[in-house]
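By written order: A, B and C. Residues from 1 in each chain.
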């Protein structure tokens, strides 16, 4: 662990020690994501995905360098990190944090610096502000939550869903999209509650939810609380279908639960690298495991795809940040998870999947694919 | 019946909180200082369990003594680093030094183990007892039993042994204790070790049922702090009762109101208690030293 | 002295030369590191410096561990952010509104929270913060919930936009400088020594007529106003407001800045803020271990400099480069109010559990009298003094002073009515100079300069002029007793209550103290002195009373009381024969 850190330090020092003439040639793609604080799990996946794509490119002699900075949990730190990264000349794009409030704070700065922000943050508002410098490579709430709600209503036939969400930026904006989609499908949730991340015992919320007599539990929560709720629901003999947010597709979440507890549990996601599907995907997953010693999830894959699209733009001659923006907004890219193309607002990902666990293993299977969800509207 | 079930859940959770609060109040009495790293020590205990289970896949009850001994060693380090050099300074210095230590522990764990939630091994195994519509998981029962044993053990240690008398003398008045020839420094270090061992036990117990992530410490310390204030600053029995009360708020009150409202009510109750009875529900033991 | 001479003297004092160098360095910094990143860090440093200077009022000066400063900061950020986005207001309105919002919260919570002590106060303020956070997260229609509110405008003053980088940095430091000047003005005046006395010796503060609750409230409110101001600057700098501004890490940063810089030093707050904003940046290359290193640096600093960096600098200066003694300010005449007020005590009772410490005392002290109170240990002498001064409440009976009844009144009000006292066990601020300790008692004083002048006059009279600049803690007991006497005298009381003023003094010192008291009495001051030493008392007392078991057993001229057989039995020790032998 320490060795890799030292190596990175040396790498950074080595880069900054290069003579200025050489620097001008190297394109820079700073990676600014949270690896400490409550979103560090997702942020680390993001970082790994971006770093993997960049190091593959560096190994292939592409003239690109990156510097990585933690954005922790506050907008203030994220903005500072961005100013720090933008000291470097020739920055073509910035990998931005998954945390929506941080992205919102970085948007005005991106506009001033005229540099594209490439992120996987799902917060709906990001692409609604009319800022041309944002590119989102993970399906936003307008995609995943529509798929989420449609699966619950159309595939499971649920009429009385109960929604449990988290009182975080992620939870509150997802919940708004869920409720909206349910309404458009003619369904009204029988119960809704926001939970703090620190809630330990889920019995009280389960008892309140069950009192409303629901026919499906719809979760939109972070990893640990999702696993806690699934486990406690199963322990209390509640065998309703549980359709969770993307946290449940993460291998680290599934690892907290017994396969039997996962029976009847589904999750929405942008993709599911662990479920395989194509040889390219399996290749990616294998490389990722070797490189980082953990299972890849959809966040890692999406940021990997996003970074590769940036590299593809460079290969097509987008060697300035304005050219990068133009290329990203007008071209489509065949990634591992899906095909990415901007809808004109910077939403690049339009597909979502629903994965379900069979109760025998911790590897979910793709149950349903939703394509071009937000484009159809 | 449902209420009874929630109360049972609350007691299991409260038993865990009680261990945290007990460690907090022991250090408070011995040093007049707040150990703000106590919550992070709970988390460290949880990860200790995760790491030990990785080395030897044994049930939690077999790992518990090792985890507690290792955490006691961590507690000694805490006292040497964050308390001893500041013993003659205002207590708020220790407040800050333990906050700094908490930052080190939290981010150290985040670096070593990563941010994903982890699960520690169960004490005896998974499963549940059912009787008359009520359910009690083996782990919940184990938490209650282990916590009761440890609290009872601390009670005996303080009340019935020579060492305990020395610890209590130190807690009551360290100057007089020193004049009586009691090695005050060693007693304070021992108190820190004991507090960390209790935190470690709580961490191991709770990390099975509720998982553990490096960022969990803040929640534990706030709960312990509230428990100790509600129960009366420096009062051991009060802290245990306070811990139970906090846990019952989280289970029973939260079953009637939104979590947000339940949390708001907990703080409102806290402010009302402070306003009406500034010395805590059960009176104050430590006086105004802090 | 010429202007240059004055400046040289200023430079030579304290760590001023170092401070000036630091300030110049700070001002010059952006010229070397003028990129937007360095300017942003400097901007943030200014914002946190402002919040920390505010925090010093409640935490440093009032000595109360408030955990609500982050909440005031966050509330200011929310108020400014919401008004900017939803009402389109400019900074000239959002800034005062942010201060008002924080101030309003302080006023609302002050009543229940400010009367709490130590850790109860800490937790209560933490609880207030948690409730505000809960509201911010859950009141989505106004606060935007956990997502917060984006699109906060840049600072714009009357339509003029202040761009980030240089202009914003200068504005922030301009306001921080203004805040520092205000704080310096406030605590550099009479509030400084009064705060110190209230923090270190609350009983003595009350006896000096200081209204502790009011002073605490002032400190709390000032903290809130500064916090709200800093929050407004933060939100217009970061341009997003979200619940993170209300969370605990901001509070921890402010606490760390204050402790590391120095709890009452404004320069310390600035130093701490610059350091703590930059520290994590320096550790960035350590990636995910950088926060751990930050924690370690924090811990190391508090271990190495437990009194803060400014404290450490001062100590180093005193050790390696002792200051030349400062000239004393010119003495100012004291006003002694020679009133015709009478103290009248009737059937006064005070018991502790089953013990009647004061058991039905009737006593009248006429204006201009010099009364000695004698009696064995535990006879109720100190309790009587405490009852008169208001430190204890009687269980029955009454005390009248001048035209009003004073029993049951708070000590500060009694002091304001012209009754001053000293304590049996000295209650001085050890770390503060004799001059400031004495000045703290000048409850009428409007500025420190005139208080110092009066103090110098008194110190001269009491033979303390040579030690005026030394900290009280470094003096022998005799001099400290006199310092406490000077503090009691500076407000010009009509009635002076002394509790064993001769304890610990040498024979010579006793004579000189008795002469001083005698002179004060001649000037019209009424005295009531508890003492064991009869010879000392007889040098100035015109009347003695002897207490036994909480009652007066003898009352009259010193000679009469000294020879009273009851007094001899009760106090001078029974049986008398042995006393003669001894």
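Quick note on the criterion: a contact is a pair of C-beta atoms (placed from the backbone, for glycine too) under 8 Å apart; a residue touches a chain by one contact, two chains touch by 3 or more.
Keep in mind that this is a model prediction, so the values were computed, not measured.
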Centroid-based (C-alpha) most distant chain relative to chain C: A
Innermost chain, where centres are averages of C-alpha coordinates: B
Where chain B and chain C are represented by their mean Cα positions, the distance between them in whole Å: 35
Separation of chain A from chain C, taking each centre as the mean of its C-alpha atoms, in whole Å: 53
Shared interface positions of chain B, touching two or more other chains: 107, 110-111, 260, 263
Interface hub residues of chain A, defined as touching at least two other chains: 35-36, 40, 167, 194
Chain C residues counted as touching two or more neighbouring chains: 137-138, 288-289, 291
Chain C-touching residues of chain A, taken from the complex the two chains share: 5, 8-9, 12-13, 35-36, 40, 68-70, 72-76, 79-80, 83-84, 86-87, 100-101, 104-105, 107-108, 123, 125, 129, 167-173, 194
Chain C-facing residues of chain B, complex: 34, 81-82, 85-86, 89, 92-93, 95-97, 99-104, 106-108, 110-111, 218, 222, 225-226, 229, 233, 260, 263-264, 267-268, 270-271, 274-275, 278, 288, 290
Sites on chain C touched by chain B in the complex: 65, 112-113, 115-120, 123-124, 126-128, 130-131, 134, 137-138, 248, 252, 255-256, 259, 288-289, 291-292, 294-296, 298-299, 302-303, 306
Complex contact set, residues of chain A against chain B: 1, 35-38, 40-41, 43-44, 167, 193-196, 198-201, 203-205, 207-208, 223-224, 227-228, 235-236, 250, 252-253, 255-256, 258, 294
Chain A-touching residues of chain B, taken from the complex the two chains share: 2, 5-6, 9-10, 13, 107, 110-112, 114-119, 126, 128, 135, 137, 206, 210-211, 213, 215-216, 219, 250-252, 254-255, 258-260, 262-263
